[in-house]
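Down below are the structures I want you to see.
Each of the two complexes below includes chain A, the first together with chain B, the second together with chain C.
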Partner chain A sequence: MTEVGLSQTRHRIIIRASSGLTTDRGVTDSMIIEQRAIGADVAPLPAARRRSHRWLPVAVLLAPSLLFLGLFTYGPVLRVIGGSLIVGRFAGDHALGFGNYQRLFADPHFARAALNNLIYALGTIVPSLVLALALALALRETNRFTAVLRTLVVMPLLIPLVAAAALFTFIFLPGDGLLDFYLHKLGVPMINWLGDTDLALGAVIAITVWKNTGYYMLFFLAGLAGVPQDLVDAATIDGAGAWRRLRSIVLPLLGPTFGFVVPIALLNAITQVDHVVTMTQGGPSDATNLLLYYIYQQAAQNYDTGLASAATVISVAALLSLSLISFRLIERGVHYES
Partner chain B sequence: MRTRGRIIALLAASAAALIWVVPFAWMAVASLRPGVPPDIASLTPSGPFGLGNFVEAWTSGSFPLWYLNTFLMCGGILAVQLVTISMAGYAFARLDFPGRDVVFSLFPLQLLLIPPLLIVPNLQTLVSLHLYDRLPGIMAPYFASAFGVFLMRQTFRAIPKDFEEAAMLDGASIPVLIRHVLLPLARPGLVAFAIVSLTAHWNEFLWPLMAVSSPQNQVLTVGLSTFTSGAEAGSDWGVVAAGTFFVAAPLLILFLVFQRRFISSFVSSGIK
Partner chain C sequence: MTEITRRTALKTSLGGALAVTAAAAMTKTAFAADPVEIDLFFPVPVQGKLADKMKELIDRFNTQHADIKATAVYTGSYDDTSLKTRAAIKAGKPPAAVIMSANFVREYVINGDVDPWDSLIEKDGKTAAVYFDNFWPALKPNAVIDDKVYGIPYQNSTPLMYYSVDAFKDAGLDPDKPPETWADWLDAAKKLTKADGSRWGIMFPGTYDYCGWLTSAFVMQNGGQYYNHDYGGEVYYNAPSSLGALTLLDTLVNKAKVMPPGVSDANACTSAFFAGRLGTMLLSTGSLSFVRDNMKTPYKVAFLPKAVRNAAPIGGASLILPKGNTPERQAAAWTLINWLVSPEIAGEWSRFTGYFSPRKAAYDLPDMQKFMSDHPDAKIALDQLKFAVPWFDTFNTVAVRKAMEDQVQAIFSAKVAPADAVVAAQKAADELLRPYVEQTALKAIG
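The block that comes next holds the complex of A and B.
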């Protein structure tokens, strides 16, 4: 989702509403929200102007937040960059260089973790977003039945990923486990889901899709509530089929929702590895090793802080560059939804 | 035609929801089956049923301690966050100062750089602050909250200035304004933030695992991971299910009771 897509959507909503052709409540509300989102950073605050030169209150009010941001966000970034460039310590003296990065890029485990993380990101984001959107479309109307189905799909969001891992460890257990128990009744032979190098990453992906789909569905439900029904009805009268309405009306209007959900899903794909830690430890033979687990291994198990720091810098750089556009979208998304 | 499509869509959604609920169904059924039944995977067993697994899980794990530590961690994080985000949220919502937008733009990076990602420098920081292997060490990285600051800025801005201006005429100071005028009016925002914060930290695993090494400082998720690996080794799957229930149940029950609140909080947040 690009920024162009977002502003086109916004443009369309504002033009539709300001043209006065519609009295639909949804449009009016979304226009107000849009205006607030646009005007939020522009509108001057006259009352605040008068206090513009009082620095002390500003400093005192912001000090606690900035202190902890410095200690645990900005400070660590600088330290990890520095740490990644330290290649040797001799009696209190540091040698600087790119040796850690050379070792990192020569390490086949790191290459495997990076590739796995790419597969994991695509394998979790695409199915869970498609499924979340499909469920949101199916459960859009609110009644007792759809409310129960929504609850069932959202429930995994509320449990810790380690708790999900504990349940799925049994589900994937070879032989006596839940999946094999029921597959056996269908005549399927025993499968070692987590022990097979070809299946293990898929099994880990399945857990993540199970856990996160309901979360994304909530955003699509909220986004769908902002799609004006008269627009959909007009298209229906004009003879547009369900697929055409989805592609030409609903999906474009869900642009801001996508711009908001995709970065969150991306962030989850890089930062949520609890199930890898407790279920597979990256195995078998690196089949489920992901970037953050690799960093954890180097830092907490091999005590190779140089390599761990270099891997952190590369992972953070990847995360930042992938989220470059989405940063602003996240912020706008917050305005849009609230 | 249109109704037929709707029915098919609802049937497909029902099938998905049915698959989605299987892990929970198994947890409930298996936790109520004492001993080691050979068909422990069955979702429709004939019994016998009992609470033996819960008793065994409770006595073999340190659940009271893990609950206490988790309550202290979640409560401590939230208490400090409410102070820091109210203060910063007020500054960004109501005070005009040069560089305000630049300072505000420093916050979003925190959403991406979660503590476990920066394990190497964060552990060094904890050690130098003498916070390693202590609960405040788990909490400290969360004391500032970018999401909380965004939310409070928005919430404060939505409150009409009349209230504050009246209080200011009476000579109220900024702390009094925030504490007694704005915060009572900002309750929906505070509740939304509290739900998101408690859910995120109750469920968190990797950072508490890294920041603490002694068993007496473990939280529920970390305790559960050691507990289940022990029970799994003995194939005590009913006990695993009961232990998992202890960890998952509190938030699940709260969610089922206050569903509307939870969902609107998650939607207004989007950022855990």
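The block that comes next holds the complex of A and C.
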């Protein structure tokens, strides 16, 4: 469970940034969101008592965090934004302007990476959330059997993505791989999963769904545990069927969980590209190139810092606005239990 | 020539790596008094035992040279090594020498991040041209740039054709007569290929890097140059020799169907070869020992097939001298490099790794001659060196290479016709080369 704990910490920080909650209330608010996400009862925050002569100890206490945030978070953010505005790759011919953005939007590789990333996001988020919810509903009762199954479903979470990708390279191996071996017994001819421009992105998506479903299921399980049984029982007595109970009671009460899981899933779709690096390097013919890998190509392979910075700014801006939108939409529909 | 320096600095994306490298470099150079402390960045593209061997060599060097204390710093893959080298140079703490992928050297020259070895060579009383005669001539274009020696070749490879003796016999082919021309190769492949997909005639890796390497081989076999070997701003993707090469690939995969469609990686090629499901494969000479250890049935190797001429592009790494080192460190690095490429040590490294030795004299030593007679496949790889051609290197090498690779990969999936592919590749490459061309060939005089 340590790894889950660590990931939560990481995600908590990001939620705080993306939801626009500020400084002194930030940590507490995001913790509340998190507790709500797992269905716990949380009292509203007491109004913060602010007295002017207290600012000194506050500043002293915040200083270390602010220093490191400034050095390692806000500083680099500003440098990336600055770097994206410096045009020109050789000494003596650089100027300030939006030339990098013009080049970026004219680059067919960037357009391809953005489109791939959109397909990848939809293709990973929707199936893995549906599957995670279905599995959580099926495995919500705790007994020895479901405990084993839950462990199996969560297992991929414990395998680092790089290792999983290396593993899947062999599973996908045309002809000799595990997948082709069994497909061949069913009479399916050899398929080059990662080497076909039409199939490669699908293969990458499949691995991601396999990897993330268990993680999201954990949150849905926690959320389901917070759905009060008396409400469900009352609905049953009123004659509501299983589908109706799911639609009218369980799903609305899972709102906070969705509010947590959807932004996380969006974030994963942009930030997790280890398998692309390991398996395809964005190929064949850019078929599996994603935004983050495109940024890596520009920065590390082509030493085009301006283009890489511009792509970073655009990707992060898109991610932030998408997260915000999904967060707000879901928050609006949330029904808190009390 | 005006000094062109890319000002990008990788500051933003590499802040962390930079700080770490700087700190590491600092501890190493802090007490440069006596003996001279130098660090050598080295990549290991294959496996871990090479790193151990390198440490052992450096230890031996240090015991033989009391006035120098060298440290070998393992820096990951070729790409990672380049990244770390750039970060260290920008941080003002360059390593004394780096074993750098030979196709990146030109970009270091373009960016003004390396010093030439010439002054050190001249101190030994030799001219650069005489010194470079120690190495195979095909290595020169990737190492001697604008008449200065920037790279000292260290370890090298070329592609090679591997073929299965059993598959040849089964298909009614003579295993002692490997195909010599493209036409022979296609004929043999047709006989080797089984319609039910249980055996293919030809496979070779089509993943990025390998794809560009082999495409350049086909183009040069077809009589072409592929790129301007002397100037980093031109490629000849749209030349007839390139079109002919891509037409061959299209034929192999989509018309004759002797090669599986889509992109195969090296893993897919070797596993099919080991399983007896493949007749001929093109793979690096660097894979000789891997194939030797894993192939259970007899196999042989041969030169790459030719069209109008034989051609096998070089791959591998050279030693470079990053800019910003003191004369003492440069001199110490020069001593280390001369020791590393001495025939004895170069031969030992070659036998251990499977790379061929760039140092011609290494092959005159008894140990090496015994090794070559024990390993006839390594002998053929060496013989092919007389047809060796330089390795693709331009401004923006990786991206410009990829411009062609994307098109070749599309041909493997029957998404584009060769005639359209060469036009698209040329257009994309010209666009990528434009910033450099405008600063050099097209720069207005006066």
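As a working rule, the second predicted complex is superposed on the first by the 260 of 338 C-alpha atoms of A that agree within 3 Å, B and C clash if a C-alpha of one lies under 4 Å from a C-alpha of the other, contacts with A are read in each partner's own complex, and residues count from 1 in each chain.
By our rule, contacts are C-beta pairs under 8 Å (C-beta built on N, C-alpha and C of every residue); 3 or more make two chains touch, one makes a residue touch a chain.
Computed from a predicted structure; not experimentally measured.
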Partner contacting more residues of chain A (chain B vs chain C): B
First (chain B), second (chain C), both or neither touched by A:286: second
Which superposed partner A:99 touches (first chain B, second chain C, both, neither): neither
Which superposed partner A:127 touches (first chain B, second chain C, both, neither): neither
Partner chain in contact with A:55 - chain B first, chain C second, else both or neither: first
Chain B versus chain C as contact partner of A:169, first or second or both or neither: both
Which of chain B and chain C A:202 touches, first, second, both or neither: neither
First, second, both or neither for A:303, with chain B first and chain C second: second
Which of chain B and chain C A:182 touches, first, second, both or neither: first
Partner chain(s) touched by A:79 [first = chain B, second = chain C, both, neither]: both
Footprint overlap on chain A, comparing chain B with chain C: 76, 79-80, 83, 169-170, 176, 295, 299-300, 305, 308-309
Residues of chain C that touch chain A when the two form their complex: 3-15, 79, 83, 86, 107, 111, 197, 206-208, 260-265, 267-268, 271-272, 275, 277, 396, 398-399, 405-407, 409-410, 412-413, 415, 432, 435, 439
Contact footprint of chain B on chain A as seen in their complex: 40-41, 44-45, 47-49, 51-52, 54-55, 57-58, 60-62, 64-69, 71-77, 79-80, 83, 131, 134-135, 137-139, 145-146, 148-149, 151-171, 176-178, 180-182, 210, 213-215, 218-219, 222, 242, 260-261, 264, 267, 270-271, 273-274, 277-278, 292, 295-296, 299-300, 305, 308-309, 312, 315-316, 319-320, 323, 327, 330-331, 333-335, 337-338
In the complex, chain A residues that touch chain C: 76, 79-80, 83, 88-91, 93-94, 169-170, 173-176, 189-190, 192, 194-199, 280-286, 295, 297, 299-306, 308-309
Residue numbers on chain B that touch chain A, as the complex places them: 5, 9-10, 12-14, 16-17, 20-24, 26-27, 30, 38-43, 83-85, 87-88, 90-91, 94-97, 101, 103, 106-125, 140-141, 143-145, 147, 149-151, 154, 157, 161, 165, 174, 199, 202-206, 209-210, 220-221, 224-225, 228-229, 232, 235, 237, 240-241, 243-244, 247-248, 251-252, 255-256, 259, 262-263, 266-271
